[in-house]
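I have a structure I would like to understand better, so I am pasting it below and will then ask my questions one at a time.
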Amino acid sequence: MREGRLGVDEGLSRLKGWPFLDLGHTRVDTQRELRCGQAEVVFGEGKTPDQLVEIARAILEKHGRLLATRVRPEAAAALVREIPSAVYRPLSRTLTVDPEPGIREQGLVYVVSAGTSDGGVAEEAAVVARHMGARVGELADVGVAGIHRLLVHANVLRTARALVVVAGMEGALPSVVGGLVDRPVIAVPTSVGYGASFGGLAALLAMLNSCSAGVSVVNIDNGFGAGYLAAMINRNGEEGRG
Amino acid sequence: MREGRLGVDEGLSRLKGWPFLDLGHTRVDTQRELRCGQAEVVFGEGKTPDQLVEIARAILEKHGRLLATRVRPEAAAALVREIPSAVYRPLSRTLTVDPEPGIREQGLVYVVSAGTSDGGVAEEAAVVARHMGARVGELADVGVAGIHRLLVHANVLRTARALVVVAGMEGALPSVVGGLVDRPVIAVPTSVGYGASFGGLAALLAMLNSCSAGVSVVNIDNGFGAGYLAAMINRNGEEGRG
Amino acid sequence: MREGRLGVDEGLSRLKGWPFLDLGHTRVDTQRELRCGQAEVVFGEGKTPDQLVEIARAILEKHGRLLATRVRPEAAAALVREIPSAVYRPLSRTLTVDPEPGIREQGLVYVVSAGTSDGGVAEEAAVVARHMGARVGELADVGVAGIHRLLVHANVLRTARALVVVAGMEGALPSVVGGLVDRPVIAVPTSVGYGASFGGLAALLAMLNSCSAGVSVVNIDNGFGAGYLAAMINRNGEEGRG
Amino acid sequence: MREGRLGVDEGLSRLKGWPFLDLGHTRVDTQRELRCGQAEVVFGEGKTPDQLVEIARAILEKHGRLLATRVRPEAAAALVREIPSAVYRPLSRTLTVDPEPGIREQGLVYVVSAGTSDGGVAEEAAVVARHMGARVGELADVGVAGIHRLLVHANVLRTARALVVVAGMEGALPSVVGGLVDRPVIAVPTSVGYGASFGGLAALLAMLNSCSAGVSVVNIDNGFGAGYLAAMINRNGEEGRG
Amino acid sequence: MREGRLGVDEGLSRLKGWPFLDLGHTRVDTQRELRCGQAEVVFGEGKTPDQLVEIARAILEKHGRLLATRVRPEAAAALVREIPSAVYRPLSRTLTVDPEPGIREQGLVYVVSAGTSDGGVAEEAAVVARHMGARVGELADVGVAGIHRLLVHANVLRTARALVVVAGMEGALPSVVGGLVDRPVIAVPTSVGYGASFGGLAALLAMLNSCSAGVSVVNIDNGFGAGYLAAMINRNGEEGRG
Amino acid sequence: MREGRLGVDEGLSRLKGWPFLDLGHTRVDTQRELRCGQAEVVFGEGKTPDQLVEIARAILEKHGRLLATRVRPEAAAALVREIPSAVYRPLSRTLTVDPEPGIREQGLVYVVSAGTSDGGVAEEAAVVARHMGARVGELADVGVAGIHRLLVHANVLRTARALVVVAGMEGALPSVVGGLVDRPVIAVPTSVGYGASFGGLAALLAMLNSCSAGVSVVNIDNGFGAGYLAAMINRNGEEGRG
Amino acid sequence: MREGRLGVDEGLSRLKGWPFLDLGHTRVDTQRELRCGQAEVVFGEGKTPDQLVEIARAILEKHGRLLATRVRPEAAAALVREIPSAVYRPLSRTLTVDPEPGIREQGLVYVVSAGTSDGGVAEEAAVVARHMGARVGELADVGVAGIHRLLVHANVLRTARALVVVAGMEGALPSVVGGLVDRPVIAVPTSVGYGASFGGLAALLAMLNSCSAGVSVVNIDNGFGAGYLAAMINRNGEEGRG
Amino acid sequence: MREGRLGVDEGLSRLKGWPFLDLGHTRVDTQRELRCGQAEVVFGEGKTPDQLVEIARAILEKHGRLLATRVRPEAAAALVREIPSAVYRPLSRTLTVDPEPGIREQGLVYVVSAGTSDGGVAEEAAVVARHMGARVGELADVGVAGIHRLLVHANVLRTARALVVVAGMEGALPSVVGGLVDRPVIAVPTSVGYGASFGGLAALLAMLNSCSAGVSVVNIDNGFGAGYLAAMINRNGEEGRG
């Protein structure tokens, strides 16, 4: 693989079109999102309802779509009041605005979760992946203590281009799923559990030690990151298809 | 449940017959083993070949049988030279002397292990349980990444009175087995793995957080403890039977 | 997302009778409990009073009995209002419905606890074991700092088929009890303590390193798991007896 | 211990074609590899030279190709002696046999590494991905302390379908790369470092906390897992293309 | 380097003039501050509004200037009411009284921060350094996921005599900055993050393992310590200049 | 409690007579030992046989007695060759030179240890305490799994002025002993154990959480520190007696 | 040291007079306190005001004196209302009833603390030691960052029979004090600090690694344990004196 | 502080002169060193004697001076054989080549260390700082257990522009030194210790929690980093002077 001889200036100037410099934006947050292809994503934690409404309007004006994560109910109420087309899902604390929902969904991402308590993180992953253009299937409450419930779905799981597998406690589900399918498995440990779960550490370590190849891990409770990555992998397949 | 009024002296004097006081023994080690019903067990770690030979002879003279764990090859060679009927298993580093092997085996303990590298710990558990009078079945290399290999044995596993389940890395196997059977599962984490396995910590934490009821855990690599406990539970069933 | 064409059913349907497939249940939670022999058990944490009442009614209709753990007082009030025969124990936050209490109790499980603060976890273990059909004895406040209080009960403890030993802080009690009896000891570390107890970690590690054979460990504060396992071992003895 | 009467087979036999049942193999190791699409991969750690030679011959007979990881020099010498077409790379301790090297390589996986000492893990990832059919580019010694060396390659990196980013010490490189590209980044922490690197823990935690979306993490030093996963993602793109 | 022969008494008596002995002070707190050159600094945590007002007045009477850190809003309100010239910054929870703000500022300290949530700690560092006489530049929201935003400021950063670099999550920014400049970089990990950030531990470990020379680390969220140290280093340069 | 008004110089000049200044010594090691009352103690770790011989001669010339800890066998051989009256104990790796052994022993310190493997640390504590002038009793192999062996010695233990209690694994012995006696118990965790003992951490945490009052803890394997402290406490009693 | 031949019954029956058996008490708590010589001590944490009042009255009736620790203000108010002679110290949350305060104080225990925030734990230690009959001196705010404040008191500290040294953050004070005195130093780490203090872990580890001989450690924030142990050591000296 | 408007290309092209691009170097290692001002520094760990000799010659040819750290004795022997003017210090494993040693030394850096075993790390810091142009004073074996040995040097320490303070075990020395001087203190924890020192973690945590302002910390055993940073700070003063 030859590594070209281009100068630093030339190389950098073409990086993703450099919205930061080209557009002379002043709001740094917006630029970060542009640069990473996350133009429409807002992280709601630590922002006041007023701040969120203001940011949401700016994004909608530019992009027409919006995804906000970790939105608390009171902020969600303010957003829905201002933006009637907004949809808030309290379980995952996500809020989306999408004028044409489902119209661009392609490929298939499967979000699998172990227990009822893992539902919020799983829904966040599903909402994010769908917003990034993936068709998403969901399979819940198939923890390894009742392995047969998972197995009857094995053939369906194998049709996905990428899988997000969410589990707390012993975090064993990604290994089992990874053994059933030939596709990338993104494991999300959750902080579900008590005592020696140490806030999700037990599940995190278990997933990092998975004996199944094709499994990688994101941070505890990071449904956003898993859904984002799964949609990215799913798009890989789509591009080739075109 | 009424709690009797017996004095301390009376109570203590009947504790397992008090070999320590009754027999006036001088060798403390032997007495500990008597008291716990482990009369014939020697822990080989940190003992010289000469020490082991001397202890083994003393035990054989009194009990006619012997079980030694964590016996290094050079000590095993010395023991086998001195006690020709001794059987050494290098994988588990166990050594047994049993004039009538298999004759008293009853009930059923199943020892299940996840990977090839867990074999030594699993064999230790099996040898110990057998020596304590249990009939023992073994099922190896049924890690959760290939769950079907485990499932075809589910009905057989359900015939055991107690199960020892040995796994390193993500330590997921006990949860899956615990979901298939109605019997006590003793989980043994092993130090198999690298990096974020942290010497078996990942597997240990996973097992402590098992979502299957009926699972309890012993120390990392403690095949002896698991086999001993399984045989104890297995005997429970036997006593009732008599 | 349609999930197609089960092919596994025939093989799997014989695993434990497969209530999941045979009965065509739709509520997954109920099925997990059936599969593990926990048909009548509800985990109350994170469920609203209304949800708990609904679940409790469904279980009672099918099984006639109920055990709920980690039930908060307000949920308990709603349950007792709806189900007058329900008994709530605030210390252990357990709730039971049993039309014929005590009638099926057999064998003997002993629940031993170290300090007053360990009482809630110990009671949870006792309630669970009793609900699973075990006769249960309880011995409280026999921490190792006053060893004589434990010793006067040694002979009684030896009549149990299994023992649950609950302790926080230094977690030493299971080792001492394990040295007094010949039966399985299930150790439950509790989060009782402060500073270097690190939420029960100190007790957990101590118990995993017990020098007594026959001791295994469950998660911190997991009274349910210990009581469940003890009842399972206790039943072993009963089956043989038949 | 006879293991009876498979009943699950019909349902399970369609999972990935079930070589285990169809072919009646007896060697479990080979089957695990088949099932996960890793038919030609051997984990060399803990195997004697003789064992490795025997396994290698069996695999080559069936598949004509071979990939072995964690092969120590003395085992490699034995393998190369027996299989003259084998190529051993001592830095990554990988050994490959490929009659038509490079012929099936498609797409593009980029393996980026931070320091000279990360080279072994990076090479392992590259060898594995190549063996799984990916065209692979490598970029070494572009640690974040000299960020300009990375930046001049930004445009080339953006042509990859998936990237493996290997770093020890502070583990910062995946975040920087993840901010430059729109493709999945698989982060591999290495045990390179000393003191507060705690055997790679520092890099592992840093990567799990990456502020760049699209980054997931595998176990410390797990070059194999990262290369395997990258090739899997790369294939996604290829399938669509066909 | 010869080490003089002076007696203990002589040596000690000249230590910073020994205000403790010379002045016969009774308030110990004030003396500690004198001795360390922190005469005007109050740590607000755990002090009541009344206590803070009293301490502030005493300090102002003696020194004419005041810096208080970790001042909660209600205490700040009381202080501002009593001392109208006091300036409270709620983001950093700092309060300053300075009759001639900016008049003595010399040299240049740069405070660089990675994310919006790191702003409070960064502001604390800036306020402290300024109060200690440093001219201070600030650069915010230049996290490593968008490395170009940092690079356009590289030349400006190089004009600083010392830099404070504040980052949570993966803590990578100090390494990148350390690679761009030739001056001391004081890294401040923040507790910003969740899950495997473990309250700032991930960022702390990353910074301690920085591959850039010239980087040292202070405690998590310790903006005060970093600003204090940076001003100290900045003063070094000033002294020489005189 | 009035605190005197003496100046710093006066105060310091009387600190233990200041051998450092008074004697104009050049060898720093000797002075540290003088200052702490450890004039005759050498820490053998990391010193060559030659260095140890030289240091030992210097100490013997000045003090006539010597205690060296952590002395490896080869260094011990050199010392015994040079100083024929030296006594080396390989189990504890201690070496002593005492022209009038036992002549000054007073009071009573008891050293109690749990298992055979704790013997080296226990012997180190005993040797040190004896060398510091304490009469020392030893009680070995009285681990809590066989509590009766400890109890028969309870009355003897109560005659000690201070007790050193040495235990590895679960570290429970100090709590039990602390409940039997009214005297200070110095707990010494040992690194004896494996797996979840984490090099003595489990025992250390258990001891810090002891429910017995009167128990304090020293570092893992620090037999020296425990023996030293016990002798110090023992001397307290002696002084009063005079 | 000869170990007598007395039987278990004889030995146990004389243990501290066995109030448990002799007196036929029913209230277990009271007995534990009797057995350990802590007859008058109540641990207030987790007890309701009503429970505390009831317990306090029972103890006062039998012993005439009372010491309660970790008493919350509302419980203290109830106690002071019922027992007018009770003295509550809110800083240490201790409550004492002593008809003849100070009359039995003997010897000298010194309680030294590093920072203002360590005051509560230090006061708890002082109150406990005084209640156990020790004369107690206190020295506060002598942290190692201002070492001269400690040094001027060195001669006074050397008159103590035992010292309690309380410190949070870096926990360095016990080492410095241990180097100044020849008496037992009981180190108490406190949870004072933030970030990498990890709730007192930093101070705890520092104290366990003290390079001064004669230092031992109790649990984080365990002022009670330190004061109790110091009084015990102090009494040693007193006994000899008689 | 205004942030200029320069384009990325312009800004980057002036970064330290860009030797990487300007000079068309091929050897990456050399460039990293140039960029960071470490042109003459080689990290010896993991390099063969032959590699080191080759690298050393290349550096000497370009720069005329050389500093190599972590050089093992056998590599040092080869280097000294090839480069007769090289000076190897086995304690710190550093090797220097300097045609005019001492000629450029300016300012003053003081390297203070706690115990004899910290000497290697301290020497590394001193050698590095000297090689970077600092005049260096050294003060060894002044651990906090003998605080007076440190205090007699207090006035000398105050003449330094920066101090490196090296300590293992409890890591208390930097806090004490930081309280004596008004200059930056760079704390270096060492892995000296055993048991609960956990490889230097105890010292590291203590230093991060230092109550003295002006203290920052580098990685465990990182003498190089501390010496490098101290020289950098020292140079700050020099520049002003010019």
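By letter and in written order, the chains are A, B, C, D, E, F, G and H; residue numbering begins at 1 in each of them.
In the analysis below, a contact is a pair of C-beta atoms (placed from the backbone, for glycine too) under 8 Å apart; a residue touches a chain by one contact, two chains touch by 3 or more.
If you're wondering where the values come from, they're calculated on a predicted model, not measured in any experiment.
Enquirer: Following contacts chain by chain, what is the lowest number of steps it takes to reach chain H starting at chain B?
Expert: Graph distance in the chain contact network comes out at 2.
Enquirer: Taking each chain's centre as the mean of its CA atoms, which one is farthest from the centre of chain B?
Expert: Following the centroid criterion, the farthest chain would be E.
Enquirer: So using the touch definition from the top, which pair is joined by more C-beta contacts, D-E or E-G?
Expert: So, comparing the two chain pairs, more contacts are at D-E.
Enquirer: Using C-alpha centroids, which chain lies at the maximum separation from chain A?
Expert: Following the centroid criterion, the farthest chain would be F.
Enquirer: Since chain B and chain F are copies that touch, is their contact same (over half of the numbers shared) or different (under half)?
Expert: Chain B vs chain F: different; shared/all numbers falls short of half.
Enquirer: How far is the middle of chain A from the middle of chain F, if each middle is the mean of its Cα atoms, in Å?
Expert: Once rounded, the distance between the two centres reads 58 Å.
Enquirer: CA centre of chain C versus CA centre of chain F: separation in Å?
Expert: Computed value for the inter-centroid distance: 46 Å.
Enquirer: Centroid of chain D to centroid of chain H, CA atoms only: how many Å?
Expert: Chain centroid spacing, chain D to chain H, equals 38 Å.
Enquirer: Please output the residue numbers of chain E that touch at least 2 other chains, ranges allowed.
Expert: 7-8, 12, 15, 18, 21, 35-36, 143, 145-146, 148, 151-152, 179-180, 195-197, 201, 204, 208-209, 212, 219-220
Enquirer: Please output the residues of chain F touching chain H within their complex, sorted ascending.
Expert: 12, 15, 18, 20-21, 28-29, 31-32, 35-36, 46, 189, 191, 199-201, 204, 219-222
Enquirer: Could you please specify the touching residues of chain G with respect to chain H in the complex?
Expert: 114-115, 143-147, 151, 169-172, 175-176, 178-180, 193, 195-198, 201-203, 205-212
Enquirer: Name, in rising order, each residue of chain C that touches chain B in their complex.
Expert: Within the complex, chain C contacts chain B at residues 11-12, 14-16, 35-38, 136-139, 148, 151-156, 161-162, 178-180, 182-184, 186, 204, 208-209, 212-220, 224-226, 228-229, 232-234, 236-242.
Enquirer: Report the residues of chain D in contact with chain H in the complex, numbered from low to high.
Expert: 116-117, 140-141, 143, 145-146, 148-149, 151-152, 194-197
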